[in-house]
Amino acid sequence: MKTETVAMILAGGQGSRLGKLTKQIAKPAVPFGGNYRIIDFALSNCANSGINDVGVVTQYQPLVLNDHVGNGSSWGLNRHNGGATILQPYSSVDGEKFFKGTAHAVFQNIDFIDQKNPDYVVILSGDHIYKMDYEKMLDYHKQQAASLTVGVMPVPWEDASRFGVMATDRTDRIIEFQEKPDNPKSNLASMGIYIFSWPRLKQYLVDNQSKNRQMEDFGHHVIPAYLRNSEAIYAYSFEGYWKDVGTLESLWSANMEFLDPDHDLNIRNRDWRVYSKSPNTTPQFLTSSAKVKDSMITDGCYVAGEINHSILSHNVKVGKNSVITDSFIMPNAVIGENVRIEKAIVGEGAHIYDDAELVGTEDDIAVAGYGEEIGGYSDEK
Amino acid sequence: MRNKIAPILNLVEYEDKLKPLTNRRPVASLPFACRYRLIDFPFSSLYNAEAESAALFISGSGHSLYDHIRSGSTWGLDSLAGGGVFTHSQVKLKADRSAESKHDRFYYEDHYNYVTRARAEYVVMMGSAFLSNIQIESLMHFHEDKDSQVTVVYKKVNRNELSSDTVYSALELGDEEDCDISGVTAISDVKEDRFNLNMETMILSKKTFLDYLYRAKQADMDINVNNFIKFSLESGCSVYGYEYTGYLKVIEDIKSYYDANMDMLDEDNFNSLFYRADPVRTRSKNSAPTYYGKSAVIENAQFANDCEVYGTVKDSLVYRKVTIAEDAHIEDSIIMQDSCIEEGAYLKHVILDKHVYVKKGARLEGTADNPIVIAKDGVVYAEGEVKEE
Amino acid sequence: MRNKIAPILNLVEYEDKLKPLTNRRPVASLPFACRYRLIDFPFSSLYNAEAESAALFISGSGHSLYDHIRSGSTWGLDSLAGGGVFTHSQVKLKADRSAESKHDRFYYEDHYNYVTRARAEYVVMMGSAFLSNIQIESLMHFHEDKDSQVTVVYKKVNRNELSSDTVYSALELGDEEDCDISGVTAISDVKEDRFNLNMETMILSKKTFLDYLYRAKQADMDINVNNFIKFSLESGCSVYGYEYTGYLKVIEDIKSYYDANMDMLDEDNFNSLFYRADPVRTRSKNSAPTYYGKSAVIENAQFANDCEVYGTVKDSLVYRKVTIAEDAHIEDSIIMQDSCIEEGAYLKHVILDKHVYVKKGARLEGTADNPIVIAKDGVVYAEGEVKEE
Amino acid sequence: MKTETVAMILAGGQGSRLGKLTKQIAKPAVPFGGNYRIIDFALSNCANSGINDVGVVTQYQPLVLNDHVGNGSSWGLNRHNGGATILQPYSSVDGEKFFKGTAHAVFQNIDFIDQKNPDYVVILSGDHIYKMDYEKMLDYHKQQAASLTVGVMPVPWEDASRFGVMATDRTDRIIEFQEKPDNPKSNLASMGIYIFSWPRLKQYLVDNQSKNRQMEDFGHHVIPAYLRNSEAIYAYSFEGYWKDVGTLESLWSANMEFLDPDHDLNIRNRDWRVYSKSPNTTPQFLTSSAKVKDSMITDGCYVAGEINHSILSHNVKVGKNSVITDSFIMPNAVIGENVRIEKAIVGEGAHIYDDAELVGTEDDIAVAGYGEEIGGYSDEK
């Protein structure tokens, strides 16, 4: 069966701004919203958009991510000859193939894409939280007969200089690209979502590689090269919730926004579901001492304390007289008794012992790392 | 570890006293503890024992069971490489085999084919009505240590732990120390108040199973634990009892089903049933976390994912995709999947089957001994009317 | 591509004239062409159309079907993310619903629930007895182009391509060009020798399906293609015929089943049925290549993996795990899985069901019009005796 | 659940002695015996030995291999929390992690093994053809309280200098290891099968790495270090068919041996099955012009020619009047009419056009590469 579209999710980045949360795992594998990992949003968008062939390019600490993605069956991608394929560095008769940038990662995996022989390649980032129908964007790409369509969203003018912005003409054709400009000519920020017509992109990647021209990054090299050659590049505007959760503060605030039952993402919408790999665990047990308000709790939790405006991911234990407020607790964290947690992120499997405190502010979120232990007495350990 | 057992699950249970919950499902498919079905418990025991396959003998069409089990992959029972769940519909088994001569013909043959083809040393026979957490590996080691012909699982129980008109039986122990069994007695004939409940779970070698299967066929008898104990005692062979000491509830009527669910709100019971080498496994479903609103008041309750809760829930179990509006009050109740409770509704000692709609201001109050059951797809109106779909 | 169709497979077929092959299996589970079962063909059509789910309405317990289908993953019909095979046992459907009141209650409800919950625009209704290779996407495009209320698949056939007492029907075309259908006639009432065979495969919108379902329920009528054509014509709505021109065989008796298998030895028929965007999919089984010994003589034959062949095989089909000894001679025959043919045996115009043992020197000879059928597990002795297990 | 044993299959090698057969695919992914790939034997041995946790270390051209192995479900490994996990090079905060040798590959994947927390690690090679019960070898390892058990097999003394040989004392304890010695002290050749007690091996790998001592290869570095430290190393003797198919001649002769219905491997034995990933394909079609003798043919083949003492893998087409003798034809090869193939290996998807010849000798097997085209006229292509 001919595959019309292959999606490549670039999930190789370390996400070093997430500090101790990404020491052992890649950023796209970081938990989100109680029941998810960040990459679930891109994978679910693919599944819901009817794109079943997905390459997930991983490189940095991939064990958790690879185990999570598997063959894509959790997202229904493994049907009809499709599936998720993990693409990691490898060697060949030409030598070792590490991935040096977004475009270079695609270049190194040309064999994979050519196997599928697609007309279009959708390039996605594995670390954004949003719901988007790529099929509509693809329809637009076809309609414009574009060689590249870039997903953009309007941002406030004052923020535009923090983004790569796209200046367009009246027909939405992109005429200039500015990476983090001092004087932005447009407020249309690139979302890092690209649809390329594959044969053309392949030609650029292979030709420039053979001429030793740098073609490692889509924003820095490929788009400028396309612009220089007057390729038909169009901007496709997205309106809706979209968030890059690249920092501790943005990860925290995205979780707090997610708590709102009227949130734009509408996680309970059955027509556009966000899928994930579900663990086998027990029901949620809220004891008679539990107090839970304006919070999300996930299967496997045992709650004897007080939870205010917080998210508990699966298998979190909260002891008596502990109070958790405005916080996001990742899976398998254990929180003892008389603990106070506020404006914090608690990493997977972290252990916060009795009587400990973990209190941050909106501008300086408190963090317990992956498996970190906080509080407790040495003779107890 | 290599697979050592060929499990046979007899899922033809007594279901009349569980109506209307068993109108469209066998006992094995009854929902339990917010996320499970009863079959998940024996299946998880099989998973922990690393069984590769299982043969299911069911009555009726069994489609609710198939839809839950699918390929059996949740419990490691599926594989391209041998193994799998083999289902055999015996409609009503021997009880009225005359009416079902077509199936009758294959009753013994299906058992024979499954056991001879399974790559295993032992056969384990079990059912789904004895809600428990049996460790098959320990049972197997006990069986090997005793060098027993057949080993049967029992639990010491008090009479009041069972339904007053229970159909099950007790095991008579010859020597308490040695655990050898000298006979089986119907509970109605047992004089003592505390006895050894026969959990109708047995392990025996493949060879012994095939011997007894042949005897059953010759005598036109059912293939079940009690007949096999009889065969063994008649032949003068050793029958040993393996004592189970964990949580047990025999699901035989609405009351015992209700109590079993409520038992889960006690941490000791919960841990006894759910603490295993691996968690109890059930077919996973994609879901969102449960949201508890600002007005929610929760006290000693269990929930599955995917609910939205704005009201008060006390001493209750709430299954997936349930919505509970502000000012609704739920107490001592079981609310199954997809149900919706509107504002101001009041439920106490109630079991709502799947997809029940409780309208604004409706009130239902049963008793702990006699909870009100609303069948699947029912609608409960404020005026007290209940409409069954 | 996104899923667009909700398929409903009515697998309650006429099976009496296919006995003994249908003794323990529905028509949908009949083995075909060395590696397949009939259900693989509609399922592969669904796979090519990227259907996510399917509802199966079956009679009896259907366990041979379940054991083949398992989770449906072979045909992309299984997924944690929505989709799946939903099975509904209607035992004998409307024909004797009085006897099965318990199931009757759910006949309309099961259809309703499946279709309303499926994320799809269209419903496709089909069966398993019309062995063919229908491209559902083309059918859907035709349906959309014609802006049809319902579209039915037909094939132009000659009377002699069907069983003389066929129970199927023909479509009357109003205008040949336009393909609109003006009525349905039982084949016994058709005068012409060549007519448009109604393949009982239909596409219609979800909304129309639900309308007609409601009408069927009100009138206590079956949910099937013929009734739905009637509803549409009665309402004055457009009914179009979509012509299928590929290989077709209606499996309605032993002769048509035999002929269909033999047809596969003709390359044109083989290609028409097997050439698809994707290969026909069946549940994969681990196997070794087939070994042909030094004494083997093969002429125009098909084999599955896992056989050992030392004898002569001409114009025949041989299924998995068959052993054919030296000097055995097989001609114009169908040899199913696990059968064993000993030295010097002679078979011509024979169908051996699974696991048949043909002893040294045994001879069986039927005719092309009346092949000899040996039921599952049978033993054929040299003295001509046939022992059925 | 605690995992007692993890198997690590080293499948990263290029297998350059297989020439054009391994240009695009790794050696363990090379087809064998009609229905298999070489790695199927090691994977099936794991499954049949009750070892469900298998890391498959890949590095060289891994696409076909990874797709073949998947999550191990074809071998029934994905049950009971086990499964096959593909381990490829990756990066971490410590930098890029390519695999420089057999022991180094295990060192780089310590995190994976530690996740499983096993008592024992079985090290296997992905390119040997044999059936072996690793559980029996493990029982022996436990019984000897060994820190390392090496699988060995007796070879003729005159061949011993081509192998790594193990000199043992009377208790089968290994006292000396000679890598391809001129004067072998033993005829027990190492099969490249090791059972290590994991905590001890980990200690050796980590300690020596931190001291910058070379510990890259099991044969060259780890075993000598164990011997120097008087670790308890035992030899476990294997008797049965075992073949390293590292050269074109050995790959060819292993296939020819495999044809024998009385072959030691006994491929039809249902108690120790060799599993593989089965393709969806049609039955075998032998037309009236076909002549087939002493050959193995696989589903999906279409045969109109003559096949003598040869193996056709799945989906091979052989046209009229073509004669194939003493050859191994890999999947999806297309062989036209009037072709003569003798003592040859035809690679996956190769196309031998009408009237072509491909004839080798026992010492110089003829080879058509992966996808290679032979014969034909330019105007036909």
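Each chain gets a letter, A, B, C and D, in the order it is written, and its residues are counted from 1.
What we mean here is this: a contact is a pair of C-beta atoms (placed from the backbone, for glycine too) under 8 Å apart; a residue touches a chain by one contact, two chains touch by 3 or more.
Only a predicted model underlies this, so the values are computations on that prediction, with no experimental measurement involved.
Visitor: A-B or B-D: which has the larger count of contacting C-beta pairs?
Guide: Of A-B and B-D, it is A-B that has more C-beta pairs in contact.
Visitor: Which chain maximises the distance between its CA centroid and that of subunit C?
Guide: Here the answer is chain A, farthest from subunit C.
Visitor: Could you work out how far the Cα centre of subunit A sits from that of subunit B, in whole Å?
Guide: Using C-alpha averages as centres, the distance is 41 Å.
Visitor: Any idea how many Å lie between the Cα centroids of subunit B and subunit C?
Guide: 37
Visitor: Taking each chain's centre as the mean of its CA atoms, how far is subunit B from subunit D in angstrom?
Guide: 46
Visitor: Using the touch rule from the top of the page, what residues of subunit A touch 2 or more other chains?
Guide: Residue numbers touching two or more other chains: 74, 273, 275, 278.
Visitor: If a residue has to touch 2 or more other chains to count, which residues of subunit B qualify?
Guide: Residues 73, 78, 80-81, 278, 284-286 of subunit B touch two or more partner chains.
Visitor: In their shared complex, at which residues does subunit B touch subunit A?
Guide: 33-35, 74, 267, 270, 274, 278-282, 284-294, 296, 298-306, 308, 317
Visitor: Mind listing the subunit D positions that touch subunit B in their complex?
Guide: For subunit D paired with subunit B, touching residues are 1, 4, 47, 49-50, 73-76, 78-81, 135, 271, 273, 275, 278.
Visitor: Could you list, by residue number, the parts of subunit A that touch subunit D in their complex?
Guide: Residues of subunit A touching subunit D: 12, 14, 23, 58-63, 66-67, 70-71, 85-86, 88-93, 96, 98, 111-112, 115.
Visitor: Can you name the residues of subunit B that touch subunit C in the complex?
Guide: Residues 24, 60-63, 66-67, 70-71, 73, 78, 80-81, 84, 86-89, 91, 103, 106, 284-286 of subunit B touch subunit C in their complex.
Visitor: Tell me, which parts of subunit D touch subunit C in their complex?
Guide: Residues 33-35, 74, 259, 261, 267-268, 273-276, 278-288, 290-299, 307, 311-313.
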